[in-house]
Amino acid sequence: MVSKVFKDSTSALEGLLFDGMTIMAGGFGLCGIPENLIAAIREAGVRNLTVISNNCGIDGFGLGVLLAGGQIKKMISSYVGENKLFEQLYLAGELELEFNPQGTLAERIRAGGAGIPAFYTRTGVGTLVAEGKEVRNFDGEDYVMERGLTADLSIIKAWKADAAGNLAYRKTARNFNPMMATAGKVTVVEVESIVPTGSLDKDAIHTPGVYVDRLFVGAHFEKRIEQLTTRPRPTAAAH
Amino acid sequence: MAWTRDQIAARAARELQDGFYVNLGIGIPTLVANHIPPGVTVTLQSENGMLGMGPFPYEGEADPDLINAGKQTITELDSSSYFSSADSFAMIRGGHINLSILGGMQVSASGDLANWTVPGKMVKGMGGAMDLVAGVRRIVVVMEHVEKSGAPKLLPACTLPLTGKGVVDLLITDLGVFDIDRKGGGVTLRELAAGVTLDEVKAKTGASFKVALQGAEAA
Amino acid sequence: MVSKVFKDSTSALEGLLFDGMTIMAGGFGLCGIPENLIAAIREAGVRNLTVISNNCGIDGFGLGVLLAGGQIKKMISSYVGENKLFEQLYLAGELELEFNPQGTLAERIRAGGAGIPAFYTRTGVGTLVAEGKEVRNFDGEDYVMERGLTADLSIIKAWKADAAGNLAYRKTARNFNPMMATAGKVTVVEVESIVPTGSLDKDAIHTPGVYVDRLFVGAHFEKRIEQLTTRPRPTAAAH
Amino acid sequence: MAWTRDQIAARAARELQDGFYVNLGIGIPTLVANHIPPGVTVTLQSENGMLGMGPFPYEGEADPDLINAGKQTITELDSSSYFSSADSFAMIRGGHINLSILGGMQVSASGDLANWTVPGKMVKGMGGAMDLVAGVRRIVVVMEHVEKSGAPKLLPACTLPLTGKGVVDLLITDLGVFDIDRKGGGVTLRELAAGVTLDEVKAKTGASFKVALQGAEAA
């Protein structure tokens, strides 16, 4: 069987990138983002990208580097408040933007991967989000119709994988990654380690191998923290 | 005299009931966690995929894979669980969270909330706010009663783009506490902050409201 | 905080049962069914039940005992082929039946728990299943609209729980249980063991505690096998 | 001479390609697993919530928590994973399974399939069959060419209630192999079972079909 395991980000993306394509990128803020794949896409220089991702990184990190490279034509996101360049490009009319409520975005991606072309949600009824969309009453309550989302490519960050492509995520770095892994025509995954097949808990595999086309161990994981927040250690006297 | 941000948070914390599952927004709502009444145990949900949020980590122990919806580093508890964003919002949209406490920019007399954008000025996005107000069973909004300019924020109708229509159950400001009838419409002043007069509230409020004070308690 | 842990099936169901109610019951075939709760409902004698479950047990076991007790008015299922009494009652007009494609049933229950009143699926287009339902074309393909499902009570079988109500299922005994746990107005769970809070892998909790109202350790788990199928052990010579 | 059930399964197994994710129905399709060609690795999905289905267990090692969609006890592999029924059918409906091999009661010239009910006679239900034919990328149906009564089962149109409309890509019977154009409609006989004549197939088939034999190979 053809192996799903590739040696690095560049080889894992070979033949998959083209101008004008749609890419889904996992992560919430800078947590659980496919750092290595983003860097490789920056390197490859493809342009006019539509990027579906909850956020757009920060200036100089995460998807922010694709923004700085002028590679992104349109973002489909729920929140981009941490990115000054984003605001600047958007207000200058150089960037298209489609805001989705975060839960609607997550569900649209799940639907796209699950063969569901549309669903109804109460979220956004009576707001800008519902404009131009069907609003329908079920059992006395109004709901807006939202469409499933898919992409040409999904770029995913997981914690561990096996050679069959089974993935496990760690803590809140899971976020959008599992749904996006199901909604890409091709799904490429970077992981912190590839473990022997059979060593992952079979009851705890978040993404079964069927969804993973290519995977590799990322060379660098900076895992930058956006809002380092701590509390003081209790003093010795408290012990 | 008006309540401080911390006093607003303390008053909001009195809305928490034992056993509640709660989602706290960013800003004043985050402070609510510091004021949970004794004997009340609540479980905090973070919409990026966690139930059972713990306190901030000790210095040197932050884990980049463990953040809250405000992107702050946090910790886990024995009872914590992690899940995907789709599962997290299924939990929110499906009405499984008892209470959410959120910040606000404007609230209307019929319970509309605006808290996500100022056209032409602010390009941030609604994040999970629209899902929270649409899905969580009870919505408490905490905010300053007026803008820096002095303009009222409790209005007959919001002028800013809405986060949700008819979604707010209770409004807590630095001046007092207001019940909002999100089905029928209509605001009732329930509590005045210590040292705040009814006249001051009337002067600083755009919406008309009934008065049924339960006693002006200091938080 | 009021404890979610009850001492047995009877106490865990106290005050929840009434004639004419709708109950969701987890399990696929006889695998992962809430045996103890079914027995307690049999004992309680409530009638005119609408039961949502993929199957209806077999004669004399699983939901079959509620059927034998004349307690079920209507079944919403995908397959009831293992139950002769079912066929008999149905053909005699003593039982209502709503067949759902298995995947549509699973998704309707997920939708019910996730606040989604309706969604579209290709499954069933052009068949009896689509009759009386909206059929709508998206991007050149026809889809049928299906509604979310909820119940007055969900009865669930999990493997392990902690006192916070976090659940883990085992192997294919997971099946319909996780979605049903989200779609009941009240959800009651029987488990094989309650483990100390903190001992379950936090990345591997299938049902977070928010969905669980009451839980108990089941007194009996017969775990009857419907189709025992084995292969001969390789002979010693083969070693 | 016509193919045996096992020969039908063997012929169907030649539709498997290396790396495929496959769902096998109950009956003849289950036998396909015994005929996977050398050098071809496929991963079997079981719609009750498992990817990477292993063989039947040894005697005494059956696990009641580990069954396939036919309710038979099975085993796991190193590469197996378990998931819920909702996740399983998301996988099926979303087009992530390459191939499904299913039994049939009737197939029409336009690729309609009936395999779940006989009105007034059989009360079983469709199980996952409607989801499989609607969601899986390629559908192969295996069945006896005629009913016990001799009545044809490959028909201009099905008389039994449908499982899916325009869903069958390939039909394999004891008499031969038929391509079905599920978009345009139309049947083409591709292979004859050893010892079966074109005249026999014509006599036993209700639908008209084109003939473009690739050579009558014994399975």
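Which chain is which? They are A, B, C and D, in the order written, and residues in each are numbered from 1.
Assume a residue touches a chain if its C-beta (ideal position, glycine included) is under 8 Å from a C-beta of that chain, and two chains touch if they have at least 3 such contacts.
Please read these numbers as outputs of a predicted model, since none were measured by experiment.
When the interfaces A-D and A-B are ranked by C-beta pairs in contact, the top one is A-B.
Taking the mean of the C-alpha atoms as each chain's centre, chain A and chain D sit 36 Å apart. Taking the mean of the C-alpha atoms as each chain's centre, chain A and chain C sit 33 Å apart.
Measuring from the averaged C-alpha position of chain C to that of chain D gives a distance of 28 Å.
Residues of chain B in contact with at least two other chains: 76, 82-83, 89-90, 92-93, 135. Counting partner chains per residue, chain A shows two or more touched chains at residues 107, 110, 114-116, 121-122, 169-171, 174, 202-203, 206. Interfaces, counted as pairs of touching chains, are A-B, A-C, A-D, B-C, C-D. Residues 28-32, 54, 77-82, 86-87, 90-91, 97, 99, 101-104, 106-107, 109-110, 121-129, 159, 169-179, 206, 223-233 of chain C touch chain D in their complex. Contact residues on chain D toward chain C in their complex (touch as defined above): 46-50, 55-68, 70-74, 76, 82-86, 88-90, 92-93, 112, 123-131, 134-135, 161-166. Those residues of chain C that touch chain A in the complex are listed here as 107, 111, 114-122, 138-139, 141, 143, 147, 168-171, 174, 201-204, 206. Within the complex, the chain D residues that touch chain A are 18-19, 21, 41, 43, 45, 51-52, 76, 78-83, 89-97, 135.
If you check the complex, the residues on chain C that touch chain B are 1-2, 110, 112-116, 162-164, 166, 182, 197-198, 202-203, 205, 208-211.
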